[in-house]
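Please go over the structures that come below.
Below, chain A partners chain B and then partners chain C, in two separate complexes.
Take a look at the complex of A and B:
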């Protein structure tokens, strides 16, 4: 077993195996936690899957079924995947965009106010406009962060944290003043025309919410992969991320690359924002940043900063986050455990490099042992 | 007690695709200076890294004072009184000299009687004491980032001595030094030997071995070829043993044939971030077919001239023209495309992306052009083909060919890769800064041949080097720089190396 793992972790697909190991370790840790709380981990994990429509529940309410659960899951998955792609786009260029939740809120707010509350617009116009606003507003915000870094040498981690606060309070102020729903204390819901999710779609006899975002998100994952693997622009961005002095030396405009990369990252975060606020939730809670913006970092690291890896990783994190409600009602554990599990997963994923080093030195020792044994036989 | 303080027996070390050390056995006596000589990639650094506990050998054993030891990390080696100054220094830039030296073994005191506290005052005093004792002048409270390389090296040496090292390993310590600094360092090493320390010295410069070493082991492609008493072996013999064939020390140099003017630098002034003029009002011309050498003591502005010409540094005033075209305001890329190649001084920090493959690094000047990419889409086959060609043509040795991550390559082979990539551009102007630093004599011979060949093909060459021998052997015109000013420009034949040396020290009429 040890040797099996070590070989996997040392070789060419080591990133993949490090993630698999991180997931397994997370499951073990979470099981222990549940056992300590006196709950049955098998039932708990089963109900996470049931909550997401991967396994059938014991009984369903009227109009819902496995399929509608699965679509709810996709509604959550879409913005999470986009957000993690946003993180990856910056990360490959050496930028740590932890302001994704702020950028999401910014674009979600603008799209809600300008399109979501416009009752006269038809769906054919409103939906593309929402996507456009999402992309454009995130892009501008990202570019601003890139510009601050390039022009005034303000580190993106600092500026994004500040901007997160500014956006959170500013949008909170406007929502509470102008757009609040007196009953729910959140912003009024958007029109169905503007929402990026079609509700009440009858599929197989149940009412499903069909998200437009998931198609976009998967497409974009492949686009980002292509950008960094196959284009000269991506080649330059990676060089800037790994050694910006060398990039400058071979003719890359480093400042421009930083701004562009942050703009791309911001644009994707903006897209995630409209998929979240005008798809998944359909409303904005004032002065609250979406935890998804931070989960996206776990997803990106668990997927070892590869866009295709992020697709798999976001599925796993979504199962916990989206399945938590049902799990909580069935097993009786507070649903915050989902965030706890995501956090543990991030921890193990971040240890991936360490595990690879351990695996490497273990294999090295094995090799030494066999070679010295051979030596003695000779 | 054994006769030998260090014995390495039948050491073998493999890396993916390469046997870096193949059944190597060496024995070192207490109190001697033991030199390791070998081509780039011969496995010298690897062998010493194992003695210093950074790698474990695949097979073979290490004995210290006759007792077998197994090192799992360099801490284990330090505990056995072994110290090492690496080819590339390992210091924390934002720490002071003293902080770097005591890092990991800080002297502690109890503040308020119980709080453990690092006693920096004691550390500073101890280090000042130590530096006086061995003649290694440093100021314990200086920041590393403010120091010149030669001083940084002294810090590395003090770091070993502070840890009470008895066996001192130096990996190419003289590659980064000026001739004066080399003299100084060799004296220090001699002093350490008199003090009873054992010294292992890796160097490519046989003259240094001749001068300081007692014995010399010669490695070639991972294998131990011979161990010689330095006193009984001639320089030529050592060189031939190392390369495996007869080395020609005197380059065949054709008469220079100056063509049209290519580079024109006019009243160039460059300022550093503190607004200090590091290059002051410098003017010179380089013609096609001419090797113009700029020489001076390190840190007198010569690298800044190169950076200003290539666009890496902003020009404060003055103009730079290439074939009459003003490029003072052009971008780095525009300058490169209009015909400038540049081998920078800092190959790790500037010359390559260490975490890219050799294939990608060799294509850095080409990736955006057809057929390397079309409409912004890369063509990996072309990268592969091109890098295979360059590896072949410039004899770049590595474990896994084009797919090797450059970080794992030996220092000399990294340099060969940069030189190959830049020469291959067939530029009108090629700027070489310290082109042969860290190269073995066979490779130096090759690079010199290539420089002369490019000159004969009509390229203008700007050569910036601290090696006086190199300057004297190659240059057609010499410009001597002192404190950012070009003191003298003269045809190469008119000065002896002694006179050049005097100008370098700032003597105006030598």
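Take a look at the complex of A and C:
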């Protein structure tokens, strides 16, 4: 058993197996937690899946069914996947963009104000414009952070956090002053033409919300994978991430790479923002940053910073986040447990490297043992 | 004007103790972006103890505050072991570890706040209501024009923190232990050659860092917020890190920066009131500390000197 695990962790697909191990450990930890609280973990995990439309629920309200839950799940998955791709784009260059929630809020706010409240625009113009604004505003913000990092040596973790709070207060001020809905205390909802999700689509007799974002997100995952695996530009970015001095020696313009990589990261975060605020929620709660920006870090690390891995990892994290409401109502555990499970998963994923080192040295020792035994026999 | 000094001090002082915590960790060679998480967990543990003690000791009993502060230090110190484990034992990337610790702290505390509230009084609220600590005014000194505000309506914890900061300044700069700790951050190989234990020194430094940050968080819970809720995570930990960077990893100058942050925050708020603006506008002024941080970072980041070995895991075999 020990040897089998070590071989998996040391082999060609070691990153994949480290993530699988992280997920298994998370499930064990979460089950223990649930058992301590006197709940049945099997029922809890089952209801997580039921809440996301992977398993049928006991009963459904009028006009909704398993398929509508599944589409709600995709609605959540799309921005999460984009946000984690945004994190990966920076992470490959050695940059730690933890301001994704701020960039999401910034682009979501701009798109809502300029396009979402414009009642005269048709869907064919509004939707591409929303996507464009998302990309452009996020890109500018990301480039600014990259510039500050390169030119003034400001650590991106500190600058992104400061910018997060600045954006949060600034947009909160404008929403509260100009765009607030007096009933809900959130921003007024956007027009259906601008929203990136089609609501009330009849599929198989049930109402579904069909997100445009999921198609974009999966496409972009492959584009990012291609960029980093097959192009010289992507290789340069990776080189800067691995060893910026070495990259400089090879003639890579490090400053340009840092700014461009943050710009890409910001642009994807902006896209995630419009998918979230003009798709999933359709409204903005003032002065609140989406927790998704932080979940995206869990997704990226769990997917071992690979875009295709992020697709799988985002599905797992979304199941917990999106299924939490139904689980909470059925099992009676506070829905905050979803974030806790994501956090624990992140912790184990961060230990992945250590697990691989331990596995490697374990196998090395085994190898020494067998070779010395063979030596004695001879 | 006096209110600016009073409020600025009560914001800047808890920030300072968090920054001193961050300095301890970084001077020993462990990058510490986890201050935000430490202070949240500290505040959570302290508030939980306080909530449990209120029915026993009576509401408004000021001793609860001191017990809560001690509990916050212990709780956050233990939580900091996780950061130490990841950075020192597991050789994880220290920036990643810091962010992991922060995210986990938010999730842990918000989940267990609702769980504890359900267990204690049956409502799934995400808040522990604490109330505000008593205040006192120093007679005589508070009558001084202009700076009298510094001595008016003080929180008792401000005095505790100032004493602690002086003690930890002395420990860092005047004792053998402090010397060794600073050496671990500059040249761990030399410490090892001299017979010191680099890993142990770093473990202790990270735990001190957690404990001090926890005290800072608890003070915010008892003054600014008057409760414990997820709104304790307002980036104050990162403000402390920024203060450490401007202060060039030096406790004295960091103290000055923390006070400037505090006065900027309270000054902005008082300005908003003095100008007679509606309450919506206070959001714009709450932004000030963050904007100020960005500006200061732009002007001062180039010149600072972080400890040389910060961010590198200690590996005995490495040259």
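Descriptive notes on the structure:
Just so we're on the same page, the second predicted complex is superposed on the first by the 378 of 378 C-alpha atoms of A that agree within 3 Å, B and C clash if a C-alpha of one lies under 4 Å from a C-alpha of the other, contacts with A are read in each partner's own complex, and residues count from 1 in each chain.
Keep this in mind: contacts are C-beta pairs under 8 Å (C-beta built on N, C-alpha and C of every residue); 3 or more make two chains touch, one makes a residue touch a chain.
Everything quoted here is computed from the prediction, not taken from an experiment.
Under the clash rule set out above, the superposition-derived model of chain A with chain B and chain C contains a clash between the two partners. When both complexes are overlaid on chain A, the residue A:59 reaches neither chain B nor chain C. Touch criterion not met for A:122: it reaches neither chain B nor chain C. Of the two partner chains placed by the overlay, only chain B lies in contact with A:249; chain C stays clear of it. By the touch criterion stated above, A:232 is placed in contact with chain B alone, chain C being left untouched.
Once chain A of one complex is fitted onto chain A of the other, the partner contacts of A:157 are limited to chain C, with no touch recorded for chain B.
For chain A, the partner that touches more of its residues is C, with chain B and chain C as the two candidates. Contacts of A:339 after superposition on the shared chain: chain C is touched, whereas chain B is not. Only one of the stretches 92-100, 146-154, 164-172 or 200-208 in chain B has C-alpha atoms clashing with chain C after the fit on chain A, and that stretch is 92-100.
Of all residues in chain A, those touching chain C in their complex are 37, 96, 98, 148, 152-155, 157-159, 161-166, 169-170, 172-173, 176-177, 287, 294, 297-298, 301, 334, 336-337, 339-340, 342-344, 346-347, 350-351, 353-354, 357. Contact residues of chain A toward chain B in the complex are 230-233, 235, 238-239, 242-243, 245-253, 364-365, 367-368, 371-372, 375. Against chain A, in their complex, chain C makes its touches with residues 33, 82, 86, 90-93, 95-100, 103-104, 106-108, 110-111, 114-115, 118, 124, 126, 234-235, 238, 241-242, 245, 280-281, 283-284, 286-287, 290-291, 293-294, 297-298, 301-302. Residue ranges on chain B touching chain A, taken from their complex, read 56, 58-59, 310, 312, 331-333, 336-337, 342, 344, 349-356, 360, 364-365, 367-368, 372-373, 376-378.
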